[in-house]
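Two complexes are shown next, each including chain A; its partner changes from chain B in the first to chain C in the second.
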Partner chain A sequence: MRRVVTTAIRAERAFSSRISALQKPTSSSSPLTPDRATLEKGTVQPTVLKPFVSASLQHEDLFNFEKLVHVDEMFKARLHYGHKVGTVNDNMKWALYGERLGVCIFDLDITKKYLVRALNFVAHVAMRGGMIMFVTSNRDTMFDVENAAEEVGQYSHVRKWQSGTLTNTRQLLGASVRLPDAVCFFSTLTSLGENHPAIVEAAKMAIPTIGVVDSNSDPAYLTYLVPANDDTPQSIEYLLRMFKEAVRKGHEERIRLQQGK
Partner chain B sequence: MLRVTIARSIRAMSSAAPASAPDSDASVRKIGRALETYLKHSQQHVAMMEKHRAEFETGKRHLAKMMGLEVHELDQEAIDRAIQYLFPSGLTDPHARPVMRPPDEILPKFQRFTFDEEGRPEGSRFFTLSPKIYGLMSEIGVKTQSVMKFYDEHVGSRSVNRKDLEPANLSGSQWITADKMKKKLSEKFSPELYAQIIIAFEHLASLPGSAIEQNFLMEFREPMTASTGSKLFGPAIPEVQICAETNRRFAEVTTHCKDTRAVVKVTDAGKGKFNVDGLELHDFRHLQSREILLAPMIISKTLGRFDVFATTSSISASLPEAPNREPIQRSGGMSALPRAVRHGAALCIAALHPEATEPLRLAGLLTLDPRKKERSKVNQPGARAKWIWKRR
Partner chain C sequence: MLRSLFATRPALRQMSRIKKFSTEASTGGEESIIDFVETITETSEAQDKSFATLLRSSKFMQLGDFNGRLVVGKIVQRIQEDVYIDFGLKFNAVCKVPAVNSEAYRSGARVLIRLIDSELSERFLGSRKDLTLLEADAVLVRLLSNVPGSVRRPAQQQKPPPNVPVAPESSPENVANV
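Presenting the complex of A and B:
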């Protein structure tokens, strides 16, 4: 027990020291804001703006999710199962390892890489006090998704999508409201096999999206992809646990930064 | 995100620590554009309502002057009358006619939401647009799952009460109406959503083992008996009175059947005597009449307990008629007259002997028979019959 506590404390210290190191400007020579010419160039070639982005955002895995996500756990949670080979989407072939008994199998190393990236993004949004909306259209997992969102104080939408919920809030709600800062899809397809209407709406409103995409899903318009099985309750349970943990980590960091200020 | 330190970016995005905000300008800037717009619209709405209220008061004073009244005499009814007089309108739809009402009543209401200090709307289902009703739907869904699980785990075992493994007992009650549901949840929703909720409730209630959720289900049900007292067609069940002389309970009611009006008085603790216009039961020669007269006592199982005193008259005789027409003096015959008495007697028995109300209602004796003789038409021998017509 004591050992566990000490390792936790050590990890905590390492994390805070890394954050404080990143908070300092890496090079004092480059200015804080880009000049007009650079901005104009950035509209065509966004990479020129990279030196102006803060170091914490440039870090690949600031919250150390690499340690949290394990391939064997993902395997046990059945994240590797795709759909029948015949239904595969051409744009999802990059994430596949191969095929077994006519069923697509995801490469969990690729899945891990993308999952860590998505979790890092979610934690960053939570750290900055952003609103995250969990969306699914799967009836088997809708209550789990709702509960998960409620547990971490975020938003959920598992019901019929009223078109214009994001694009036309003024009309539907009678007032402009703050929209979610990130939308997280736990299944991107509706029961009819069409893309969830919220994907396009989020893209129109420039809201970044995270999508758990199965082998038959269309990854278009999604910002962060997590190639994994989206139909099995166990796999959604695992992914929800991961995303909840990411939100919690981001939130804890936010509280600590506010108190330490 | 441009090069800013994490602390700065957090400060820029929120005002989670309003106490530490150095000046009010900064806190307004922090709360984000959406909330800012919302607050702006809210303030605009308040200002607009103020303006309209002032205009209404001025208008009222002008109207009072026009109508030759004092301002304090001009209440809403007087305003409506004045508007109807000054702006006569032939439009059939009342909503299309000119009105003058306080602006709070007629102008659209401003939707108010609850936000926290960061501008985040309250409730995790906010973006479903009907958070309360969808919340209820999820609650039903979760309970359905738990009931199924409970039944599967305990069926055949002796550890639980056997009554818990049965469907919930919902007899004598019905689901609350959409309006009541709206009030209960304080949220508007479409009829489709209400239908979905009822389907979900019905499914949950039909499951074996839903008895464990009895209390939850009864929250959304109302007693069915409320409908019997208020929804009787025809005269209501009368009040019980006490005769000062004999100290016996009695009830009196006026009813009618066809053209016969009957004033029926039923007295408790009697001997089962009938007095219909001075006639007793055996004076009715036809068996049909006797059966009709005795029906309420047979159904309520009170033969020989109540005395019935009834006087009948003809309705059309009492109506103002053309002077040259001879009034019909007699009331109903062997069917209509006893039926009028029967309805009155049944109502009085329901009042004196409330246990018999439900059997009497189910037998249809508390319901008025509204049928009347159809009037004959001009240039016709009867209501529907025509004169024989032949071309030549």
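Presenting the complex of A and C:
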């Protein structure tokens, strides 16, 4: 474990030194913070701000989740089963491998790529002391999700979503409260087949979201997508294990950085 | 020490696989939690296989058309007279408990079911998408083995593992003898 983190850190250092070496010639013109003109340009083309982002954020897979996520484990956990083809959402077809006698099958290579990306994001949030909220509306898995959030010291919401919980906290709670820094949806549809109301609320409050999207889900307004089966308990169990690991890795890295200083 | 353990484990698995080749896909489902804990630390034998290969050799593909196939499932929950049977696919099948020997159908028991549909979904008039009930349709055929804790019928130990759809046969008697 420690070895993985140290190798990741070493990779990051190598990367940052490479980046700084690349930036050396232009460093006189581009300081640590972008100037006004660059910021304005960044509103149209965000990639121009990339040199100002720290090297650890530019790394694709800083915590080495590529080694943790295996296709065969995902296969065993039944992540590849989608719904019947009649329920498929047009915006989810990119993640499908195909259809077998009316049942959609996810391409786990695509799923792996997106899961690694989402885990990397979660670990980064945890590394910076962020608050992560696990949300589901699936009754079969609500206790698992609650327990998983509690185990890693994060937060969960698995009951009925009161509208305005994120957008109208002053009215509902009587005080200004800290909102979560990232929201992780383990099912994006309610039992009635509607989108979870928290997705839009999080988007309104500019909170990045991670969503496990099944073949019948709507991926709109979600920041990080994980195309996978969200109905089977085994599948959610696997995903929870991965996200717990991501939070744990980020937290360990945070402690290590704090002790290092 | 650890390294040697890791090296021997896949070899052992290979041997056991040769002995009973039909149990290859047995690791899906409930009892595989222990397997998960193992596989997170060690390199699994199927790790180098691509998704296409895994899918090609899966029972899901071998089963073909589900309609009327006999599969082995495991009861995961019982609510009064309804049992929820996990047979290794996306959704559980919900069946009524028969009146005879009703007490034996408890969570943990393995049963034989005749699968009708892997997901109950229907397109209603005027809608653009199917409405799904989020459950599978199946008919309960008979009990295969009791809950491990109970003392009845201890002889039935060498059954195929749960959640493995057995090869389709013409009669349920044949399947039960596999």
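Basically, the second predicted complex is superposed on the first by the 231 of 261 C-alpha atoms of A that agree within 3 Å, B and C clash if a C-alpha of one lies under 4 Å from a C-alpha of the other, contacts with A are read in each partner's own complex, and residues count from 1 in each chain.
In the analysis below, a residue touches a chain if its C-beta (ideal position, glycine included) is under 8 Å from a C-beta of that chain, and two chains touch if they have at least 3 such contacts.
The structure displayed is predicted, hence computed values, not measured ones.
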Partner chain(s) touched by A:217 [first = chain B, second = chain C, both, neither]: neither
First (chain B), second (chain C), both or neither touched by A:165: first
Chain A residues touched by each partner, larger count belonging to chain B or chain C: B
Which of chain B and chain C A:176 touches, first, second, both or neither: first
Partner chain in contact with A:137 - chain B first, chain C second, else both or neither: neither
Touching partner for A:195 - first (chain B), second (chain C), both, neither: neither
Partner chain in contact with A:187 - chain B first, chain C second, else both or neither: neither
Partner chain in contact with A:101 - chain B first, chain C second, else both or neither: second
Contacts of A:129 with chain B and chain C, given as first, second, both or neither: first
Chain C-touching residues of chain A, taken from the complex the two chains share: 68, 70-73, 75-78, 80-84, 86-87, 89, 97, 100-101, 103, 105, 107-109, 191, 193, 216, 229, 231-232, 234, 237-238, 241
Chain A - residues contacting chain B, complex: 19, 22-23, 25, 30, 32-34, 51-54, 56-57, 127-131, 133, 142-143, 146, 149-150, 153-159, 162, 165-166, 172-180, 254, 257-258, 261
Residue numbers on chain B that touch chain A, as the complex places them: 1-7, 9-10, 13-14, 16-17, 20, 32, 34-35, 37-38, 41-42, 110-111, 113, 115, 118-121, 124-129, 134, 137-138, 141-142, 145
Contacting residues of chain C [partner chain A, same complex]: 27-29, 32-33, 35-36, 39-40, 44, 46-47, 49-52, 54-55, 58, 60-61, 64-66, 88-91, 118-119, 121, 123, 129-132, 134
